[in-house]
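Paired with subunit B in one complex and with subunit C in the other, subunit A is shared by the two complexes that follow.
Let's look at the complex of A and B:
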């Protein structure tokens, strides 16, 4: 490395390590996020693994004691004074006992707001319980009439889930990896602002540019320092995640989120170009700002883009194109690694090439802008 | 030696420099005197290639700045206004950093120590710059400008905001550097400072050098008894000038 780049890098690192604001920014996300996510995962898993008792409005419950018993065995109960009902109603028709008795269709209405996503799974749960009761009664009726219930069964459908246990946690894995990759954007941000907009604010930028050093050496020194901070943040969050996620009871959902040596090596390697791009993007935006605060508000807006990309990928919502793009490409590849699948090498290489090309473009534009008097003196 | 030849620069709608010509010799202190907005800082920024001239050229030790900016900057030391210190570094670290960036490769620690001693800064050398007084800041800024012993030292409004003791210290240092043969160029709008220090004064107004010579020559040229009167006559107004 060029000697002057190394000198600038050393100074920037020393300056940053002494800047409490930069260090706290880098550490708080890396340490706090895995712990917080751990807590969220534990709560979510508990909810998935053993659903709570469900209380609904049941009209004319006394007319259908058999159905009510079946619902109760699924932990679905009529609401009472102690338990408030969810906005789901099961209305048993007044003719229900008569119809059931004579073996005819008995009317049961299930009412609720089907567009309400919070209620959707509960509505399905009630529906399944009612249907299962209906099947049970049907079987009994057939037996009573001397017909083997097997006649109802036409196909022997055997479902085999071939997903590896690791793959079942796709949603959780996506979120966990998203929080890790996002660390490269958060950890170096404060330093990126301090070394660019901060430099301008304390009037040292013009002095630096008056020295006999190349603009690209100055930039490279700063870039490497910001990237180091971003990368350090990533390294810490990965290690802390490895420890913290060990305490989440994944097995209750029948899978495991395994942060092993292979995953750590991969995430560090794949995220290096992303860290470089994050640092360059932040430096680019911050050098356009006159003050620290101005840069902060610009960056808050700009950071929505990587966050959106990572979130869409985490939830697996986006199109195939995302595998080829920076951030989402690396994230998708890592999700495959955690799921125990083969590494999607081709999309990953393309995503990395696009990331590095963007880096080159940003570096070129930044070096060019720092040679412009308009940027230096905010003319 | 610094030479400015027919330098013109327009910034926005303002003609900041308009055919400026002057030279600053080695072993002499040259003052750029002019009211606020005369183009002094623009001229100094052009010397460091921070601004590209529309016309004309600046030379530092016969190197054309616009053609070989890095080489030219290697012959310059800048005392900027404002100082732009790194608050979290100590003067020793800061001066060391600037020495390295200015191309001092050998015996850096010795050069830094000598500069600290020259400016009587040993007592503050290892304290972070944060919380420094204006005088201590001035010393640190000056130390970084001279640590690499540049042949030419450029100071932008060096005494702005300094107390009497710091100003005296700065003056004695500039005289010492001059005696060592350095070319010293500084911009100022403070009359007293210029008349007390300068061997040669370049009077600037509206981006031009309206007169140049020793303070005595300027008085003679205008038929006035003091530099202040001479100056007012030369620029046609005393607006923007401090006595």
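Let's look at the complex of A and C:
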């Protein structure tokens, strides 16, 4: 490596580390995101795994002992003095016994505010319990009439999921990978602005350019510094994710999120070109901006692009094309790895090639623009 | 430059990292299970004393743990019958063992002679369940001879003790240090044998519908009588049932008496095909249908009404209950015979025989076995069955009070001899409580901490069902607790 580049790199890193704000900004996302997600999921799973006894208002419960028994077996009870009812009502019609006994439709009303998301799952739970009781009685009625209940089943539908057993948590892992790749963009951002627009605002850019070094070397030094930060952020988020996600009882949801050594190796390798591209893009935008503040505003806007790309991929919404593009291409390849499938080598290589080509293009454009006074003095 | 190049090579190398350790297991789909699981087989000598002789493939499946927190443990599922095949019930066990599978592999093995492991089945014997079939006048000897000829193998190698060696060999092959055993009905016998012979390979045992080693399984005849008596008592305790079906007990005994040794032909519609057919109804068929209905917590609520309707020559409810049994137990009869004739039939005492003959179904059963066992011609294998079972290992026993096969009293016989045993009785459950109660929650609790005292509060949430008083609904009134 060129010695001059190395000196510039050291200078930029020293600058960056002195500026505590950049360091904290670089790392707060990487540390905070997995911890926050871990916390949210621990709480959510706790709630999901052991549904509490549910107390609801039941009118005319005495008319439907069979139904009440079935509800109780699923831990749904009429509210009493001890337990306050949730705002869900099950109203058993006064004609219920008569209708039941004559084999006619018996009216049961289930009332609640369906737009209240806190109640929605409880309402569904009551609905399912009521329906399962109805199914059970239907089966008995068939038997009593001399018809085997399997006649109603008609088809023996065998649904067969061809995914590998380890692919179960794929959806969540897609989201987790998105947060990791995004770290590459967040972690280097402050440094990218500081080292370009900031340098100019402190009037030290012209000074540096007057030194006997080539613009290319100067740029390379700055680029490597920003990339280092971006990569450090990625490394941190991956390691902290590995530790934090280990504490989440995923198995209660029927899948596992396992960040193993192979995955870590892959994500670090695949994201290196992305980190480079992110750094270049941020440097480019910052140099084009007139002030530090302007650079911040522009970058916030520009960051929406990789975020959207990674998010669409994470939720698996985008077209096939995404597996060939930068960011989404690497992300898709990682998702396949997590699902235990073969690495999609061809799309990954093409996505990487496009990423690197973009890097070259941005580097060339930046080096060119830094030869212009317009950029140097932001005229 | 050198560093750069080696770095590049490193990065490229990452792309070809080997896939996580490939194993001898293959991905497969099993009945009623959406997920892919792992299937494998192990060739075992049919006669372990002659390892060079013919071998049979013992098939098994591993439902991989969602998160393998205990890679050196698995839950081994052992089904009943004898003659059922564990792999056929993969979907069922995947559902009820969901909480256990969260952290441990579930291992299903088709016991030798069942399912895919050299099944000893005969078409002729399994098709006996037809409407016109005369259950009271079946030529068991001829049927058994034909089946035996078709199977053409020495059934002596299919007893529990041999099967146990297969289980242990598969445990070793898969590299599990210790197993949590989960046996149902006859499967609980295998659990006890396993604990006795290989205690170091067992972490804990769950027995659902306990058949103690010293208990002759043929005593189910008396269990059916007791379950029927419990049904009559329960009906008397529910005012609506008592009111609609007074004298149910007498009515029932009268019915059986009237049938006597005869069988009646009755024009009916087949409960599945809907086609007009003749049903032959005799005491054996009636008892068989009622017996199977007692296995289901729901179906048994129809029994008072069913018995009542027969009096009025309405056979519809009986026919519907019979329809439930068509896809029924799906037993490999050769394997069933191999075990019963080697382990239970030879140890019947005169008193046992007398008791069987007195019970509703026992007499038929005994006559059938006396005819079939000499033809199956298996070596008696009574080793280990005489002395009462005892163990230091943690044991969870599950019973249903209304169980018409393995009543709670059977489990109680071994309860005092278990130093770390717990026995949970579900007040309104029948046979195989794990399938229709909160027992799976208790099992998950138990396996996660085998020695600890269980929180059994969920048992009370399963209340009493009302009996159907007509063809539409059970009684509407407070059920007397």
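Remarks
Following the convention adopted for this analysis, the second predicted complex is superposed on the first by the 281 of 379 C-alpha atoms of A that agree within 3 Å, B and C clash if a C-alpha of one lies under 4 Å from a C-alpha of the other, contacts with A are read in each partner's own complex, and residues count from 1 in each chain.
As a working rule, a residue touches a chain if its C-beta (ideal position, glycine included) is under 8 Å from a C-beta of that chain, and two chains touch if they have at least 3 such contacts.
This one's a predicted model, so the numbers in the text were calculated from it and none came from an experiment.
In the superposed model, A:141 makes contact with subunit C only, not with subunit B. Within the superposed three-chain model, A:32 lies out of touch with both subunit B and subunit C [touch as defined at top]. Touch criterion met: A:151 reaches subunit C, while subunit B stays clear of it.
A simple residue count on subunit A separates subunit B from subunit C, and the partner touching more is C.
Applying the stated contact rule after C-alpha superposition, one finds that A:272 touches subunit C and leaves subunit B untouched. Contacts of A:64 after superposition on the shared chain: subunit C is touched, whereas subunit B is not. Judged by the document's definition of touching, no subunit A residue lies at the interface with subunit B and also at the interface with subunit C.
Interface of subunit A with subunit C (complex): residues 62-66, 69, 72-73, 75, 96-97, 100-103, 136-137, 139-151, 158-165, 168, 250-252, 254-256, 258, 260, 262, 265-266, 269, 272, 340, 343, 345. Every residue of subunit B that touches subunit A in the complex is listed here, in rising order: 11-12, 45, 48, 50-52, 70-71, 73-74, 76, 78, 80, 82-89, 93, 97-98, 100-103, 128. By the touch criterion stated above, subunit A contacts subunit B in their complex at residues 4, 7-8, 11, 14-15, 18-19, 202-207, 209-214, 373, 376-377, 379.
Residues of subunit C that touch subunit A in their complex: 11, 14-15, 17, 19-20, 27, 29, 31-32, 34-38, 64-67, 69, 98, 102-103, 268-269, 271-272, 274, 298-299, 301-302, 305-306, 315-321, 323-324, 326-327, 461-466, 468, 470-479.
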